[in-house]
Amino acid sequence: MKLKLGIPKGSLQDLTVKLFKKAGFNVNVSARSYFPSVDDAELEAVLFRAQEMSRYVESGIIDCGITGRDWVLENGSRVIKAAELVYAKQSLRPVRWVLAVPESSPVKSAKDLKNKKIATELVSVTKSYLKKKGIKADIEFSWGATEAKTKMGMDAIVEVTETGSSLRANGLRIIDTICESTTQFVVNKKAWRNSWKKKKIEKIVMLLKGAILAEQKVGLKMNVLEKNLDKVIAILPAMKKPTVSSLSEKGWFDIDTIIDEQVVKEIIPRLKKAGAQGIIEYPLNKVIY
Amino acid sequence: MKLKLGIPKGSLQDLTVKLFKKAGFNVNVSARSYFPSVDDAELEAVLFRAQEMSRYVESGIIDCGITGRDWVLENGSRVIKAAELVYAKQSLRPVRWVLAVPESSPVKSAKDLKNKKIATELVSVTKSYLKKKGIKADIEFSWGATEAKTKMGMDAIVEVTETGSSLRANGLRIIDTICESTTQFVVNKKAWRNSWKKKKIEKIVMLLKGAILAEQKVGLKMNVLEKNLDKVIAILPAMKKPTVSSLSEKGWFDIDTIIDEQVVKEIIPRLKKAGAQGIIEYPLNKVIY
Amino acid sequence: MKLKLGIPKGSLQDLTVKLFKKAGFNVNVSARSYFPSVDDAELEAVLFRAQEMSRYVESGIIDCGITGRDWVLENGSRVIKAAELVYAKQSLRPVRWVLAVPESSPVKSAKDLKNKKIATELVSVTKSYLKKKGIKADIEFSWGATEAKTKMGMDAIVEVTETGSSLRANGLRIIDTICESTTQFVVNKKAWRNSWKKKKIEKIVMLLKGAILAEQKVGLKMNVLEKNLDKVIAILPAMKKPTVSSLSEKGWFDIDTIIDEQVVKEIIPRLKKAGAQGIIEYPLNKVIY
Amino acid sequence: MKLKLGIPKGSLQDLTVKLFKKAGFNVNVSARSYFPSVDDAELEAVLFRAQEMSRYVESGIIDCGITGRDWVLENGSRVIKAAELVYAKQSLRPVRWVLAVPESSPVKSAKDLKNKKIATELVSVTKSYLKKKGIKADIEFSWGATEAKTKMGMDAIVEVTETGSSLRANGLRIIDTICESTTQFVVNKKAWRNSWKKKKIEKIVMLLKGAILAEQKVGLKMNVLEKNLDKVIAILPAMKKPTVSSLSEKGWFDIDTIIDEQVVKEIIPRLKKAGAQGIIEYPLNKVIY
Amino acid sequence: MKLKLGIPKGSLQDLTVKLFKKAGFNVNVSARSYFPSVDDAELEAVLFRAQEMSRYVESGIIDCGITGRDWVLENGSRVIKAAELVYAKQSLRPVRWVLAVPESSPVKSAKDLKNKKIATELVSVTKSYLKKKGIKADIEFSWGATEAKTKMGMDAIVEVTETGSSLRANGLRIIDTICESTTQFVVNKKAWRNSWKKKKIEKIVMLLKGAILAEQKVGLKMNVLEKNLDKVIAILPAMKKPTVSSLSEKGWFDIDTIIDEQVVKEIIPRLKKAGAQGIIEYPLNKVIY
Amino acid sequence: MKLKLGIPKGSLQDLTVKLFKKAGFNVNVSARSYFPSVDDAELEAVLFRAQEMSRYVESGIIDCGITGRDWVLENGSRVIKAAELVYAKQSLRPVRWVLAVPESSPVKSAKDLKNKKIATELVSVTKSYLKKKGIKADIEFSWGATEAKTKMGMDAIVEVTETGSSLRANGLRIIDTICESTTQFVVNKKAWRNSWKKKKIEKIVMLLKGAILAEQKVGLKMNVLEKNLDKVIAILPAMKKPTVSSLSEKGWFDIDTIIDEQVVKEIIPRLKKAGAQGIIEYPLNKVIY
């Protein structure tokens, strides 16, 4: 049996391939083929645009795939979310689809968009949003370059953004968030009921998460005298008990732990002050709790 | 008054900018803006995807634009075709949208596609085509990578091709041509009735065509004795009368003409044999008959 | 005898080498040497930064060189200006060194800069400017990144600009122009009195100018019936009499002329209307009146 | 005393330099020199084509070098093989030199090649192969592009391949394997008898192998309760005893081991199921058993 | 409160940003801004040329910055040296500013330069050097390409060099060293008296040094029988006591230590001979003693 | 009937394709195929290394090909030389294969090489050279990097050079020239006797030569008063009679001629002095006398 897996073509592709590599799967994308090879005889990979991934998962053409929550919603696909995978390009925050108007527009909130023209790639989600608010507006599909559309006769746009800086650079003001989106590992309902496939998927997800976590964590090792042990351990984040082993040299202990890469710069000076010696930080490939 | 002109963003963009440059218009596309600058105070340029260009021309957001005939048809836009501009990437032939199936498929012609699944970017045109043939099939919008879709549960695809080589490389067999498409200069109906705009458009089109023609033509100049004049002139294509001027040296004439670059290699040996001397070929920037 | 010529290293280098190539001199800059080879046995080239070129010309270390008027002024070098060469990067206009302050600064004109801090690469020229205006201020040499200096404690800057866009992007407001600068061919005074060197320089300058002019001009050729001759010639710019030759075919004339590339797009439609036929535009390498 | 070491120029060069770097030797190849510098005063490196490396090792011009077994055979060089180093480009399998004919050729096996024309870069090895089989054929040296030679009058070719895909793409069918080849560290016989050189070579080989092994291995660390210890250890590959240390927290043990990177994805889920906690995988630079 | 930090623009920029990343600070330099973002709310970064960094630190425009000792001296800036950071491009040795003359020059030592012309970017330091030696010479500021200046009328130059190879390639002979320079973390005097700023700086320096040290060190782990323990430990550099922990398997110990990457290639063979087994080397991110 | 044409793969390939393009043949080399397409139904192209081209021409596998005279000699191929085509990379001079020894070698001339070791790619030609001189030496085939071979135990090398600079940079001294080589269009003897093939080849050669010539020539046009006509014409090189046509404006003549690009810079100043006005230089695509 094989598990059919969809890998998102385009902007997420390289990051996804890298992530699978760290997780232990070598995915080889060759220039002219949509069927990357994988060094796992139980896996069969195919490249799809994130925009249509969930449709192919829903219809069972593939068993599972990686795509954004936004496009699952847009397609209205009924699929299982096996995991959220936070490995976006610039930050760890979810991306947002926002409603935006020109800075100088009199529009203050969504209500002011009655009978106005809105351009977006995310037509269905935008329609639901407006319907829920009881607003009637003219929503047009945009093939890209959406940020420029308000200079071309459109009153507002709905566009994806991480930090908002590209919108600001285009002279746009955000007035609401339509939906937030993260990268998801979605699964076909029938495949999820197949126990072999479910187990295989759970293994893959465990390894992907282990690889993602490892990018945010580092190993930290240090030597501590018995009398300083409590003080030093108290500084370490409680996330996971550190491994404390007594050394052959009497009265000395070795502490080995995993901490968040972001707090290292705060903790190291404090550890040193508390008596830790020979502190080393080392990189990790995977972290699985 | 300004003429608003749409330039196709994406695969045709660089070629279009180059063509305008040869025609005498410096179009400067800056990395983050959709509004290129043009060194003509009467022109205002904007970048749109070819796919949506005709919609913006039709609604009057821009006066005119360059796009493919395929997308004018797909959008069902009622616009004026001011000119056909043949400056495609690989060849001078129009591109074709073809119906294709896997080589091993039992499907022989469109009729065999009854109730089958077809993936395409050109949904409307495909629907009209099948309707006209009286065939009912399930047509799905494809976000790209359409060539691979028959390996993913689709029975057929409708895809654009110039030489068919990419389709063959994907193991596909062409069974019919849905539509042919060339690059067109399309104009909004109201703008076309405005005499200033119409004249401005006609000037631009004349210069664009002059630049395109110049890429296919070269200048040819040679010296000929009076007695050989008829023989030599007979060899030159009849496209346009060559400029024959008598030289100060008695009995000698200078012939200066424009011929198709493609026939030069056939003609030069014959000209030489017919008595032409000092033949030179020189490049052209524009050719306007 | 050899003429020692300085070629500006850095931003103008590639353009200068290209210009010399068009003028008929192959200048070969090899990666690790400051002494490019030239295919003219009477020439010896050396690379200097534009900033110090005029000092080396003045002291006679080289006979002549290409640099900006700004740096001739800054160095206070007494050299002969043999020619102005307009081949700047973005436009044909001279660059300007401007006095600029933050948009929000209360400073309105140079006078308001009394006792303020000004950063610039062009220290001497800035000092003369302020002295002439009777303003005392604190001028500091800036090693670059001058645009950012007002955010770092400086009250104003003097910086070079072509269009002002980079200054605007850095939130700066121009309050005055300190000096304008074009690219110049400057010559050592003693070398200029040497008749062999002077003649050699004049030849080089003639060819450089011919190459520059050719980039702004194109050749235009067309056939005209005798009755339309005056009408057509009247349209052509008066810059230089067109070459009109009678063709062997009776009543027809060939007009061959050189016109400014910028006006071609205006003139061609008018020529055609006036009866010109078979209009062709061809490129030029050199134009020497 | 110095050890003279040959590094293969060309396709293996970058990989070899990288491998030496991981092994602890910084080899600096400068663009124009064939003598890279090495940060080991006892080493002197030189670049040779893999094709002629063994000839220079045999004649004693260098003491040792890295090359393919194929070219050692082709040159018939009598040298010592100190080690096999598996660090090939695409895979870990040895490359093969194969005898291939066009797909449509009637040739089924080597025997059918009697009096036929064969093109190859590996002339001697091919001759030996045919001689052993008692087949007489006409073998011609090919300067490259060997895959295309059967379309040019040759009946068969002998060419190197890793996966056979390039041969298939050229319409060729493999009918036999002439020889297999791996990368080898070969040594001059006299140098091998010199004890200082031999020891030096053995050290280098140990470090190179340690670096190669580290690319295929990862470190794995986890915490386990005493009662789960046997279960967890049983899952770990028997390659090397894991380091088990008791933690200060009673009843807990830390397991630290090295495993094959390829099996990690299978083992981690099983370890977790068996009670391992806080599993981390970390990268290695060298592994020396 | 914020600490204002200057990051050197230009040749050191990428290395510095990488170093901060390893130290735990993500510095994001965007193409058009001189104000990189940092993911530490207490830090504010700005890009300055190394040449003027110390002037801005001295005047308090920034609190601290990274620059070369040479430019601190040249500017005569009174600043605090918080740390030396050895992360130069090619080697770990300090760079040198040397006095150099053409190979064929009669000048043997600085004394022979009386009344001669010297070109340099480091005018003040060169002047002090000559003054101390009681030599009067004519020192000119050079805008770059200093190595070529002796071919242009200069008698000597003072130029920076790491290995001297570029000077030799330009036919120059070094006759003295004017000053040595390393990269320094310099601090404004007032900022250093502010205890919050001082502590912040000390933390940053600790992390930067930890990151630099980690590039020169690696972790080394091995298993040893009790009887070999002393022999093995004796081989390890005395820099820091290794962590020795007894394993659950009786009589075996695990040694874990940090050693200089440069000595690994010498030590591993000796460790193995002394009875160490399963030696692995692993990479480090930070090392803080 | 088709003419089979060999195009040299490798260093000459791009230049050759460009030359054919200028001559009027579009040769399309695709990345993975050795059979470029040509837009001439009578031509069939194939890529071969220059080293083996003449062997394939001689045996009739192809009708004709482009290669160096050196490799025709080395292979001892009996082929027809249809033309010499001077379009080498750096200069227009033929390349030379030279005998070279280290600068410090006692070897003064070929005679001193008795019993010495010589490395070369051109084994046969070198053998003939030495035989003719009655010198016995040991000649070894070199797979490249020949310039470094004298540092590796070889006493001399035979290597190709254009300017000798690479040899000098490797510390080598030229002691003799073994053979000179130009690029040649060689033809199979039998193909040359086939009149259709011969005519086709002659046409191709005429166009290739026309394209090569055009790179060395430019068009020059100017207006001259009748009284200055003789003076001006006397300055123009006698290579070909200039086209002199009388203008409609009385007393004025237009001179149009083709001259060597290299002499333009000398001639233009003299023409101007002699009364020529409105001198323009224009580029050429082909020149066929």
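Chains: A, B, C, D, E and F, in written order; residue numbering restarts at 1 for each.
Basically, a contact is a pair of C-beta atoms (placed from the backbone, for glycine too) under 8 Å apart; a residue touches a chain by one contact, two chains touch by 3 or more.
Small disclaimer: the values here were computed from a predicted structure and weren't measured.
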Contact-graph distance - origin chain E, target chain F: 2
Mutual neighbours - chains that touch chain A and chain D alike: E
Most distant chain from chain D by Cα centroid: C
Winner on C-beta contact pairs when A-E is weighed against C-E: A-E
Distance between the centres, which are taken as Cα means, of chain E and chain B, whole angstrom: 59
Centroid spacing, where centroids are CA-atom means, of chain D and chain F in whole angstrom: 43
Chain centre separation in whole Å, for chain C relative to chain B (CA means): 38
Where chain E touches two or more other chains, by residue: 245-246, 282-283
Chain pairs in mutual contact under the definition given at the outset: A-B, A-D, A-E, B-C, B-F, C-E, C-F, D-E, D-F
Contacting residues of chain E [partner chain C, same complex]: 9, 32, 34-35, 46-49, 51-52, 56, 59, 61-62, 142-145, 147-148, 151-153, 169
Chain E-touching residues of chain A, taken from the complex the two chains share: 218, 221, 223, 245-249, 254, 261-262, 264-265, 268-269, 272, 277-283
Complex interface listing, chain F residues touching chain B: 23-25, 39-40, 202-203, 206-207, 210, 214, 219, 240-241, 243-246, 253, 256, 258, 282-289
